[in-house]
Structures are given as structure tokens and as C-alpha cells.
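Chain IDs A, B, C and D follow the sequence of writing; residue 1 opens each chain.
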Amino acid sequence: MLKLIIYVVGTIFVLVEGTLLAFVILYRRRKGERAAFVRGDSLRQLSWVLIPVVIVAFLDVAIDVMAKPVWELIKEQSPPPGLTVKLAALQFGWEFTYPGPDGKFGTPDDLVQTTFLTVPAGQVIRLLMTSKDVIHSFYVPQLRLRQDIIPGREIPAWFEATQPGKYEIACSQLCGISHFAMKGILRVLTPDEYKQWVSQHWPKSGAGPGKSASGARSSATGKEG
Amino acid sequence: MANSAVEIGIAHAPHEVPTSFELGKLGMWVFLAGETMVFGGLMGVFILVGISHGGWGPDGAHVNWLLGAFNTLILFTSSLTAALAQGAARVQDSPRAKRYLSATALLGVLFLVIKGFEYAGDFRDGFTPLAALFWSFYYVMTGLHVLHLFAGIVVLFGLMFMVTPRTPAGWLERKLKYVCLYWYFVEAVWVFLFALVYLAPTAG
Amino acid sequence: MEQTEFSASDSLKTWALLVVLLLVGALAVPLGLPRSLALWVIFAAATAQAYVIGRYYMRLRSEDVLIYTLALLPVVTVIILAFVLTPDVAMHR
Amino acid sequence: MAETSPEAVPSTEAHEQMGFWQRYLFSVDHKVIGKQYLFLGLFMGFVGVGLSFIFRWQLAWPGTAVPLWGKVTAPQYYEFVTMHGTIMVFFVAMPVLLGAFGNFLIPLMVGARDMAFPRLNATSFWTIFVGSVLLLLSFFVPGGGSRAGWTNYVPLSDASKYLPGTYWGGNLWLIAVAIDFASVLMGGINFLTTAIAMRAPGMTIWRMPLLVWEELVASVLFMLSVGPLIAGVVMLLFDRMVGTGFFLPDKGADPLLWQHLFWFFGHPEVYVVAVPGLGIAMEILPVFSRKPIFGYHAIVWSTLVAGTLSFTIWAHHMFVSGMDPTLAEPFSVTTVAISVPFAVILFCMIATLWRGQITLSTPMLFALGALANFILGGVTGIPLGTDASDIYLHDTYFVIAHFHNTLVPAAIIAGFGGIYYWFPKMFGRMMNDAWGKVHFIFTWVGFNMVFIPLFLIGLGGGQRRIYMSSVYTYYKPLQPLHVIATIGLIVIIVGQIPFLVNFFMSMFRGAKAPANPWNANTLEWATDSPPPHENFHAIPTVVRGPYEYSVPGMEQDWAPQAAAVESGAAQG
């Protein structure tokens, strides 16, 4: 999606700059010649400008039409999550609260982890994000996911990581002097590793957090964005 | 804003271009347009934040709307005298215009005095700017209006001070056109402030 | 610009009109009207007062189109601003 | 011009009798005020670029000592980033484009003796002067200046507990910005009144030079957009100094409100800066192509449409801010739609070159450079204005590169073009053209060396406002690009030395300028260089539009706007 837009606008850009450069070179001042007297106020002359403008407008509309479903998918809909995690941002760090085996927040089996967000690969993870002080922004460059976190609101976001591994979580809204160091780690584990991780943290219960959820979506889009 | 360019502007005539605008009046309207955005933005925010809180509730019920209504009456009367001053200046009756103007300015002062008593009463009852969000808005909005009114009063007194028997004919009339414009604008702002922070929170 | 003179009696009439409108708006409080009705009355009265001030005192009735534009443009802009902000600022809770 | 009344004869003698203070410091002459603005803007510009040098060095080589400065700490880094943005937008772009060129040129271009309210004009300058002093002062108050970013988002900027130690820095920032707004509003009153009511005979609105149009649109945009933010600034000052809670979430307020107010102003503000910058380019292009501007009416109407639309697109700065996501879609559509009027303007400017006779003089080079980069800034706005792709690109260097590619061409590159172009009119002497070209090459090449790498960093996900990029491993491959960008900045700074020398040398030593050195049409060239105290010996009568170059059947290839009587002074 992003690439497409870049290609479209890149082409426009090259064409327009090319025209500009060509005009500058072609119409350098020559002795004894006079410039053409073209006011460009009649519709006929203006059409030289208006036709490219119409093309630009058409491409604009096309981009918007294509962007709409992507935006809706990311920000307005939320597929049924395999795991819901509460996220609290603060100066300067991240706190992730897992609901525990019962799948409910506010119960004794909740687990609070700082900095590290551990999730299984291939599952939809739903984040409920709040801030304890100023505006922060949850940003995982590799997932192309970004969402500001506003104190006083609970903001949902979701993602689905397909590749196990370690990813960096960054804050991307200036939040104070140590904004640059507000780093978290997203650990995406394979389902087996994840099971192990769960049994380490909730040794008593067999089921992992939110295991009962309606299952992972088969990842057609792969990553977000 | 008084300046010699007013005369220069007139000296341009005859014009092909329809520029019969009086500079002072035009400039004042531009200024007022900007002011409308300041007050309008503030009022818009006040309304929206109010809605998001589900109305101002008991916070807003303590505002003294009777004093506010009386102050509105005072401002209306001050505008009446301002209009009468304009009428007097138009027939070149400077002394009468000055009398009306002083009435306008004094009514403005009276408004401020009453407002001061009102603020004092609010403070006594514990309704400081920190008491609640409503009161924060109340003080910022009415305070901004008070500042504007104060500026208007200063200008009016300055104008009366500047009018001497040697003042050229028509000078006061021209000045009054835009000074009074400002005064009326401040009054119109008050009308909305009165409705917003006095009447609406206490009604129903 | 002024085609019509604005006489002293006109000023008095305007003043009287304003006072009547003030009474209409202010009486909505002690009369104990239902809240939504009271709000309608209050803001209708305020708008009417502003209209009277603008038309008669500020001489809008005898002004040029340009002045009208200058006076109305900010009002329209503020209203648009308020409406667009409504879903986000006023309704999100 | 026989009908000009005798009292309109310029009172040069009276002017000569004024003392130095009255004539140069507290002058009410729009030309002197324009130059004051220019000097203020240049000075603040060098402060702003100096700050950017310090933090760009930190970005390229984190943790190393900056030449002439030393190591940069994180608080300093955020302070400088904040101040750079504030200074460049509010105290360089606006004073230069509106204050300097607007003040100097509007009365000259419409054929007026001065601004409508000269004293208000002087007040406006001294107001912004006080604002600049206060802003610079905030570096030296205990705790240093504001570190909340130039957008000053709440609640970070709202309470000292979030940014320890910057109590006075934050307050001064707000006060300085509010003063700046007041100053520009005063200027706008003058611009509008002067251009509406003080035009010379025959100067119909469709004969006004495009720069006047653009300055007018900018003034209207500013007037209509800044009010709510002024209210917001007052509320924020109350929050900080009195302790109210307009924007504090723990007191039940909504922090997004500030963002809405800021960007409701902020986006029109971008056009307040961009549109006069384009206006300068529109004045220069026809003169050095010897051709009428292509589609005068189309440009004016597009500017008006773009100005109107600019009030409906502000939330594209806030797609990922947590606002109601349904709001994003209409804003995305309007944002992308605004590219249409701008496309008309830019294509018209390019079409002006078509079949022209182009002289690549220094002003023309700057105008072309500005145009080229403005196009780049424009097309990169589309991925940002599209809500879906903005999720990724928001708050990365892509955004930085995008808005620098719109504002710098408008304010700095076109501004330099304007300085070279109107310098003869301002100071009565010519600037050196060869050194001007050197200046252009350094500035323009350096500028692109800075910002093309930044686009790539942004595409790689590199965030802005990261003091120490080595914190993140994903940033590692992007780091060399930062080095290139910083070298580009050094190129720019080196390139300003010839400008400064040229500027001040030419002011005293340059060749005497004729009244109309460029054979241009607009009214400012119909009077002496520099113009006499009240601009014109006799108010000219305007007989034609501003861009009548190479009119068929005329001997010379330019046709001044003023009637023949005045052209006696205009023998170039």
C-alpha cells in the first residue's frame, strides 16, 4: 500500500520535475528572440494545466479509495483477539498486564510485566492502552504499527506478528527528557515456546491466558500496513 | 490607530477603484474578525468540554445570574449613549458627544465595579479558578472580556481628552465610528458570554 | 457608506428592543422551563440580541458586502470548527 | 497624473529633518519597518540554523562533542529541537515573508504612500521584537527553555512535573508565541486594509501583483485560524501559572483538545508561510522568463480554494493521535484533495517557463529551486495525508523532510530569491550576482543533501526526536544517512558566508541600482531605488495588469503597469 503510493507520487514527481528542468534548459534566453506572449487565461490554454491537474486529482481519489479499507482494518475494526493485554505507558517505560488464565483483568492471577511484551506468533493480540502521565505512542517499526496513547482515554490497537523473534518497541511521541530511551521489547514466541512461557508464569493452571479465544486468524495480510 | 494616512487615503481621490472604505472602519472590522475567532474559539471549547462532561452540573449553578443580567442592562445602556454620542458627533456637537461618551465610559466602569464585587463574592464562597473546570472557564472567559472592556474605557477617556474646541470638524465623528464599533463588539461578546456562563448553566 | 441616518429615537428603540430580548432570555431561568426549551430560548435571545447590535449599532444594515464577509467569515469558521470537533472532544466519553 | 491633489506630494523634507532615532529605529515608514523585519528574521534565522547544527551533529555522531559547543545533553537536545522549530516558523518565516516582504512591497505594489496604519505597523514590529527577545531570554532562565517540542503538546507542556525545571522556559515560550501572534494579527490588519482601500487609481483587484494576492490570502488565513489557539495559549498559561486544569487529564480535561486547537491553526499557518513564498517566486518567474504568468486568474482562484480547504484538513496531523478514527477518513480525503489547487498553481508556474526567454540570474535560480523543492514537498504530502500510510510514516523523519521541503523552499529559498530580487529597491544598490549564484548552489545542494537522506530515514522507520539513536538496533542501518544530512547542513552553513558578505558589502559598496534593474512591470519599479519617503513622486495611474511581458507589437519587451508619465523615472 505504502509502496504503491510512493510509486504513484514518485512518478508524478519525476514527470513534473522533468518538465520543469526541460523548460529551464529549452527556453534559456537567446539573443534577439522574444518570449511568447501567452497569458494562459483562456480555457484553451489553461487546459494544458488542467489536464495534468485532472490526472493528479484522479490519482488522489484512487489513493484514497485504496487507503480506506487499510485504515478501517487497522484502526476501526478489531478481529477477535487471541490474547488481550493491557498496556500502561509512563515516563519512561512500559507496563504490560496479562489477564491470566481466567481471561479477566482485575483478578489475582493478573501478571504485570515491565518492558517485555511476550506474545505468541500468529495470533491476534489486542492491546488496551492507557497512559499514566503524558502522551506516549506505541510504535513497533517492524510491524508498521503506531498508535498514540492519551492519558484519560483507553485506546485499543491490535496486531498479529507472524515471525517469531525480538522486536523493539519505541515511544514515538515526545514525552519528556528520556523520551529517546523509552524502549520496550516485543518477544514473539513460537506456539510451543509460548506454552512454556505460560507454564512458567502460571504454573498452577494448564490453560494459557485467553486460550479460549476464537483462534488465530490465518494471516493473509501478514504484517500491518 | 489614529494617523495621517487616513487623510492620505482620501487624497487619492478621484479613484477608478471603488475604495470608498474608511480605513479605520475597515481595519477595525478586520481586527474584530480576528477577535471573533479568539472569543468564538473559547466559547466553542467551553460548549464542547461542557457537553463531554455531561453539562456543568452543580458547579455552574452558583453563578450569580442576576448580577450578570444587571450588568448586561448596563452594557446595553452604555451602547445607547455611545450611539447617541455618534449622533451628536455627526451634527458636529462635540460638547454633547463628550457628555454622552463620558456616560458610556462611566457605565463601563460601573460594569467593572459590579464585576469586581461579583468576583469577590465568588471567591468568598470558595469559587476560585481552581474550584472546578467550570470556574476556570468562567474566570478566563469573563476575565478576557473584562480586559477588552477596560481597553475600551481607556480609549474612550483618551478620546475625550483629545477633543478640544480646536479639534477639526468631523474628526470625532470619524474616530467614533470605529471606537464605537469596538464597544458594540465587546457588548455583543458579552451577550453570548452571559447566555453561556450565566444563563445556560443555571437554567432548567 | 451610510445611506440611512441613525437618529436618537432609533437608538432608543434599539435599546428598548435589546432590553426586551434580555428579559426574554433571562426569564428562562426563574420560570423553570424544561432545560432543553430554556436553552433554546436563551440562545435564541442571545443571537437575536447580537443581531440587533450588529444590524443597528454596528451599522451592518448599511454596509458593503465586504464588511459582511469580514463579519460572517469568522462566525462560520468557528461554527465549523465546533462541529468538526464535536465527535472527538464532546462525544468520546 | 494632473489630477493628483497637491497635498499628496511627498514630504521628503520633513523626513530629512527627523533625527536618527525617529528615522531608523522608531520609524513608521513601511519600508524601514520592512527592513527591520528582514534583519530580525535574518538574525533569528541564523540562531535557528545554529541550533540545528548542534542537534544535527548529535544525530549524526551521537555523544561526541559538537565543535564550538561541546557535548549535548538530552535536555539541551530537546530544548534546541523545540526552539529551532519555534524560531524558524514563528520568528523567521513569518517575519521575513509577511513582515519584511509584505510590509515593504504591499504599499509599493498597490501604489500607496504607506500602510493604512503606520503606527500600528511600527507597533507590530516592536511587538514581535519583544517576543523574540523573550524567546531568546528563555535560554537563560533557570532550567532553560521549553523542551516540549514546537507543537507544545499537553500534558507534557502543561505541568512542570512532567518536564522538571522548565517552569519559566515553558511560560516564556507561551508568552513569546502569543506576542508573535498578536504582532502578525496587527500586520494582517494593515495588509488587508491597505490592499483593499489604498490602491492607486486603475489598480483593480485583478491587476494586483500575485504577491499581494498571496499576502492577502495569508493574512486572512492567519486571522481566521489563530484565534482559537490564542484562547488555547491563554488557557495553557492559566494551567501553568494559576494551576487550573484545562488540559490536565487528571482534572478531567482532554489533552487532545490542545492538538485540535494547535493544528486548526497549524495547518493554515503552513499556508500562511508557503503561499507568500510562492508569491515571491510568482513575481520572479515572469520577469526572468519575459513572459506573462500563466493563468493569473487560475492561480488566484486556486489560492483562494486552497485557503478555504486548509481549514478542513488539520486533523491529518492527528491520524494516530487517538482521536476518533472515523474522523480520519474525511480528513484524509480533504487533505489529498488540497493537492488539486496546489497542482494548478505549480503547473501554472511551470507553464510560465514554456517558450519563455529564461535568464538564470540569482533571483531566478532561487525561484526555480524553491519551485522544484516545493513540488517534492507537495508530492510527499500525499503519503502522509493518506491515513493508512501515515500510520507508519507519522513522527518519522519522513514528516520532517516533508515539511522542510514545503516551508524551506517557501520561506528560505524563495525568501533569498526575494532578497536578491528586491535588494536594489530596498537599499538602492545591486548585489553581486556571481557570489549570489555560489550562495544558491551551496544552499540548494546542501538543502537537498540534508533532506533527501531524511526521506529515506523516514521510509526506514527512523523516528524523529531521538536524542541517542544508538538505543535502537533498528536505527543502525539508517545512521549513515544522518551523517550525510549533517554534512549537507554544514554545506548550507558554509554557503551562507558569501551571502552575508555579499549582503552587507553590497549595502554600502554595491553598484548603484537603477530604478528598474530587471525591466519589471510592477509598480515598485516605477519609483526610485530606494523609493522616496512616501514612495512615489506622484501616485501612478495603473493602466494594465502586472505581467505584460513581450507584448506583441511593443518595442520593449516589458510594459510597466504605471501610465507613461511615471515611466520617466523607470528608465532602466
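Details
Criterion: a residue touches a chain if its C-beta (ideal position, glycine included) is under 8 Å from a C-beta of that chain, and two chains touch if they have at least 3 such contacts.
Please read all numbers here as calculations on a predicted model, not as lab measurements.
If each chain is reduced to the average of its C-alpha atoms, the one that sits nearest the average of all protein C-alpha atoms is D.
Chain B and chain D, compared by their mean Cα positions, are separated by 34 Å. Once the centre of each chain is set as its mean CA position, chain C and chain D turn out to be 37 Å apart. Spacing of chain A relative to chain C, judged by their CA centroids, is 46 angstrom. Each of residues 196, 223-225, 227-228, 252-254, 256-257, 326 in chain D touches at least two other chains. Shown for chain A are the residues that touch two or more other chains, namely 153.
In chain B, the positions touching at least two other chains are 21-22, 26, 30, 33-34, 36-37, 40-41, 44-45, 48-49, 52.
Contacting chain pairs (ordered by label): A-D, B-C, B-D, C-D. Contacts from chain C toward chain B in the complex involve residues 1, 5-8, 11-12, 14-15, 18-19, 22, 25-26, 28-29, 32-39, 42-43, 45-46, 49-50, 53-54, 57-58, 64, 66-67, 70-71, 73-75, 77-78, 81-82, 85-86, 89-93.
The touching residues of chain D, when paired with chain C in their complex, are 196, 220, 223-225, 227-228, 254, 256-257, 260, 264, 311-312, 315, 323-324, 326-327. Those residues of chain D whose C-beta lies close enough to touch chain A in the complex are 74-75, 78, 147-149, 153, 155-156, 162-164, 249-250, 252-256, 289-298, 320-322, 325-326, 328-329, 332-333, 336-337, 339-340, 343-344, 346-348, 350-360, 368, 371-372, 375-376, 379-380, 382-383, 386-389, 391-396, 459, 461, 463, 465-469, 471-474, 547, 549-552, 557.
Across the interface of their complex, chain D is touched by residues 1-5, 7-9, 11-17, 19, 21-23, 26-27, 30-31, 33-42, 44-45, 48-49, 52-53, 129-130, 133, 136-137, 139-140, 144 of chain B. Within the complex, the chain C residues that touch chain D are 66, 73-74, 77-78, 80-81, 84-85, 87-89, 91-92.
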